[in-house]
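Here come two complexes built around chain A, the first alongside chain B, the second alongside chain C.
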Partner chain A sequence: MLRIEKTREGKNDILHLIGEVDASNSVLLDQSIQEVVQQGTSFLLIDGKELGYISSAGLGVFMSYLDDFSERGIRFAIFGLNDQVGEVFKILGLDRLISIVPDKSTAIASQHES
Partner chain B sequence: MIKTSSLPLGRISLLLAIFVWLALVLVDLVRIFGMINNLESGISEEVTWILEILFFLFVYLVYRHIFWKNRNADFLTLIWRGVSTGLFAAASGLLTELIYLAFGESKIGTDPFLSNIFYHINFGWTSAFLISTALLWRHLILYQKNKQVVKQWQVFELSMLGALFFIFFNHNNLDYSFLFGLVILLIISILLAVNLKWIPYLNFKEKWRTLLFLFLILLSAGILFYRVLSYGNEARLQINLTDNLFLMALFGFVFAYGLFSFLVTLFNLPTSSVFEQKLTEAINFQKLSQSIQPEENEEQVLDILLDSCMSASYSDGAWIELNPKEHIQVKNSLRLLDRSTQTGLSTLFPQETQSWTFSLTTEQIQALRLNHPEYKSALLVPLVVNKSILARIVLLKEVKEGFNKEMIGIIGTFARQACIAVENHRLLNQAIENERYQEELKIAQRVQKALLPLKLDHPDTFEISAYSNTADEVGGDYYDTYQVDPNHFVVIMGDVSGKGTSAAFHMAQMKGVFQSLIQLGLKPAEFMKKANAALSKCLERNHFITASVFEINTATHTFCHARAGHIPTLWYRANEKTATFISIEGLGLGIVRNPSYQKHVHESTYDYQTGDLLVLLTDGILEGRNEKGEQFGYERLKNLVEAKHQLSPPTLQQEIIDSLHQFVGGDGMIEDDYSLLVIKFTKPE
Partner chain C sequence: MNPKYNLSCSTAALAELRSFLQQNLVAYRLSEGDKHQVTLAVEEVCANLIIHSHACNPKEEILLEVKEFNKKIIVEITDKGNAFNLLEYEVPNLNQVIEEKRKGGIGILLVKKIMDEIQFESKNGENICRLIKNFQP
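Up next, the complex of A and B:
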């Protein structure tokens, strides 16, 4: 079960993932990111506070956009992941490619730093 | 068996009938000779009677046999047989009369022997005609059998049998007992004659022919009866065979049923088109039901339906239009119409009836009044399958309000039947397709099983055991071993993202990559870089593979390890009696698809001791969840291995799987593929 809520704060787009991402619904996540990218965004944030589980198929969706983001100059960050989900990102090594931060303010602050 | 024994039976009966007839002629001639010359011939009249009865019985057997052989012939063929026998009998009777008219009172004309021979010939033919026609009537009466009719017929047959022997009782006199018997038999005949259920099954043309045939039968019977009566009055014939109750009753029965059939057929003529229509409808209905077979396509069903609807409503034109969303084509979509008339007509229909969206208006059959020079009324028949409109049939008539309630009812039934046929056809095809997919998946499963090694390469110095289970028919987990040289062994465990068929394909690619690259003698990190480069070319963009590679050197008691995003391997160290997950940085394969990947993978070399264990696994094991939603997790695995480290790899592996299943329980689930590979370093070199 996955619900995705989309909000926009200034130039930042936030996708709020609620539930679990697995092979059956990773398409939804893909569509949502696709939409945001096509509408044009400068900073895409994933709110993972209520993300209970992510399977490899879900990780594959994030992974497939990494090149796209860097080509379009879109900054990308994930925040609020619980320990278990955070561990999944870390084991795969995605924490080296994606900025994974504890909360939204850290994410936005990191943007101004760079 | 019946067939082989019945064949000679017919012939034997025929021969016997002819033989008995000849005997009868001979006996009667002797008797006449005796009577004329006032000599005692020594042959009593009972002999004649017995021969006559035998003759009747054999003729009956002959015709029973003929009817039995032709029991499946249609009515007209059978009736025609009766007609031909009748005409022949009547003609021979008339011919005799003509001969006598020609000879007049000459010697030949008055010769009692010759006239008796002619009389016997006519008697034979008349009997044959009457018996065959009676059996024909029997066939028609019993066409739609029920218990009552069969009983009636049996009563009639028994009475006729009685009549056969009546001659011994009344000695060939036309007395009151004779009349009494005749009346009773006539009453039974009339009662039987109401069984005329075969007539409605004839079509209009057949009815006309039946009328003609029945007329000829009645005519023949009339002529023969007249002849029989005139024989009775002729003084020169001393032997009378035809004033016989059996024969007279047969005349009565043949007349009665023939007349009834004739009249009923005649009065059925005007309504026969209705019967024919109902019969066509029933046949059409059957056709629609039968068109469910998978080899027939939907187009044929619609074709039959269009024809059926047209004939049921006597339409003057029709067409079928298909929902553009359905991928069916009908070759003859127009009937008795041209394209321009059709386009012209469809503009006359109200807009809402033209829509293909399913609604209360579009799912109903609608009768429309048209303002068109040629066609005055139309019927729109939608074909609804699964709440969507498959097609629409438009029926046209040149008269106003040409579609009555009856027609709309039957057309509705046709349409529903056709829709069921189409639906069943689709379901059947789906089922066949599913079956095929299942079959294909089984093959895939077998092929994939073969990709995992049956035998794992290992020396005496370590034991190894592996297990893999897939969530679907096929999965994306992979393990393999390779012996580089006597002291170097490579072990790999991999996990393809996602699951099912796509994962299985990528797993096969992974095997190819491993088996090719490992032969180059690459160190684990170098192997990962090359594998990443190779897989980047063949994985879909959102797929990746995680892997753990161990290069074990049994000479130096070390293993070199690199991890590409894979679940860390659990290492039980015997001298410390603790297990730890080997944490080493490394990014999954196929995530970064350029040379910068080399920054993301590292390798490390570790010393191992005897009694050490390596437990390689995929995330399916850790992510197995119990009914509370808790994961099996790292801690449980670590504690289990620490507790059971003394077990051999296969036993330990089984222990881990068992406790995973126990943890997950009946209601919990292991949604992912899961694999396990256990290595135990046993003895030093």
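Up next, the complex of A and C:
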């Protein structure tokens, strides 16, 4: 089961993922990111505090947008992942390609630094 | 008796597969992190079979069996679809995946990084993939 809640705080768009992402529902994640990109955003944050599981289907969705984000100048970060889900990103080395931070305030603070 | 599970070839059945694995990996000497990763690796192989070898036909089935042997856990995945030998599959690198914007291809990479050993055999129309993880020392 996956539920995605979308919120906007100033110029930041946040997708809050609740549940598990696998091959049966990764299309929902894809659609949600697509919508945010099309509406125009400067900073897309993924709130992963309630993400219990993600398979390659979900990781692949994030990866498929990385070029798009950099071409459109969209900043992207994921925060709040639990240890086990965070480890899955690390196994593939995605933590070197995606900004993965402990919490929302760190994500927003890092935006102003760079 | 080794735990067994018949998985229907539908991606909607993957959540139930995870529950089966979570329940049955409890008994083995694996860290929580390892259990999570073995669950992921098994799901990746099954998702691949469901989509590519069985065209998501829920009437077809994949059989799973969890075994213990010599301080290792073995998850045996048996199916009768087109043989997919993941040992021969050339995994893409991350840059390729990003450049080509392809949404698949990294599942098998995960499986190869997570498992300590992978075996594959195909005979009489039956394919058996064994995913092996060593217990914690």
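FYI, the second predicted complex is superposed on the first by the 114 of 114 C-alpha atoms of A that agree within 3 Å, B and C clash if a C-alpha of one lies under 4 Å from a C-alpha of the other, contacts with A are read in each partner's own complex, and residues count from 1 in each chain.
Following the convention adopted for this analysis, a residue touches a chain if its C-beta (ideal position, glycine included) is under 8 Å from a C-beta of that chain, and two chains touch if they have at least 3 such contacts.
Note that the structure is predicted; figures quoted are calculated from it, not measured.
Overlaying the two complexes via chain A brings chain B and chain C into a clash.
When both complexes are overlaid on chain A, the residue A:Asp22 reaches chain B and chain C alike. Once chain A of one complex is fitted onto chain A of the other, the partner contacts of A:Asp83 are limited to chain C, with no touch recorded for chain B. In the superposed model, A:Met1 lies in contact with chain C only, and not with chain B.
Judged by the touch definition given at the top, the superposed model places A:Gly60 against both chain B and chain C. By the touch criterion stated above, A:Gly93 is placed in contact with chain B and with chain C alike. In the superposed model, A:Glu35 makes contact with neither chain B nor chain C. Mapped onto the common chain A, chain B and chain C collide along 656-664, the only clashing stretch among 98-106, 368-376 or 656-664. Applying the stated touch rule to the two superposed structures, the overlap between the chain B and chain C interfaces on chain A comprises residues 22-23, 26, 30, 53, 55-57, 59-61, 63-64, 66-67, 84, 88, 91-94, 97.
Remark: chain A residues 1, 20, 22-24, 26, 30, 53, 55-57, 59-61, 63-64, 66-68, 83-84, 87-88, 91-94, 97 touch chain C in the complex.
Considering their complex, residues 10-12, 14-15, 18, 32-33, 36-37, 40, 43-44, 47, 50-51, 94, 97-99, 101-107, 109-110, 113-114 of chain C touch chain A. On the chain B side of its complex with chain A, the touching residues are 495-500, 541-544, 546, 564-568, 585-588, 591-593, 600, 619, 623, 631, 671-672.
The part of chain A that touches chain B in the complex is made up of residues 22-23, 26, 30, 53, 55-57, 59-61, 63-64, 66-67, 84, 88, 91-94, 96-97.
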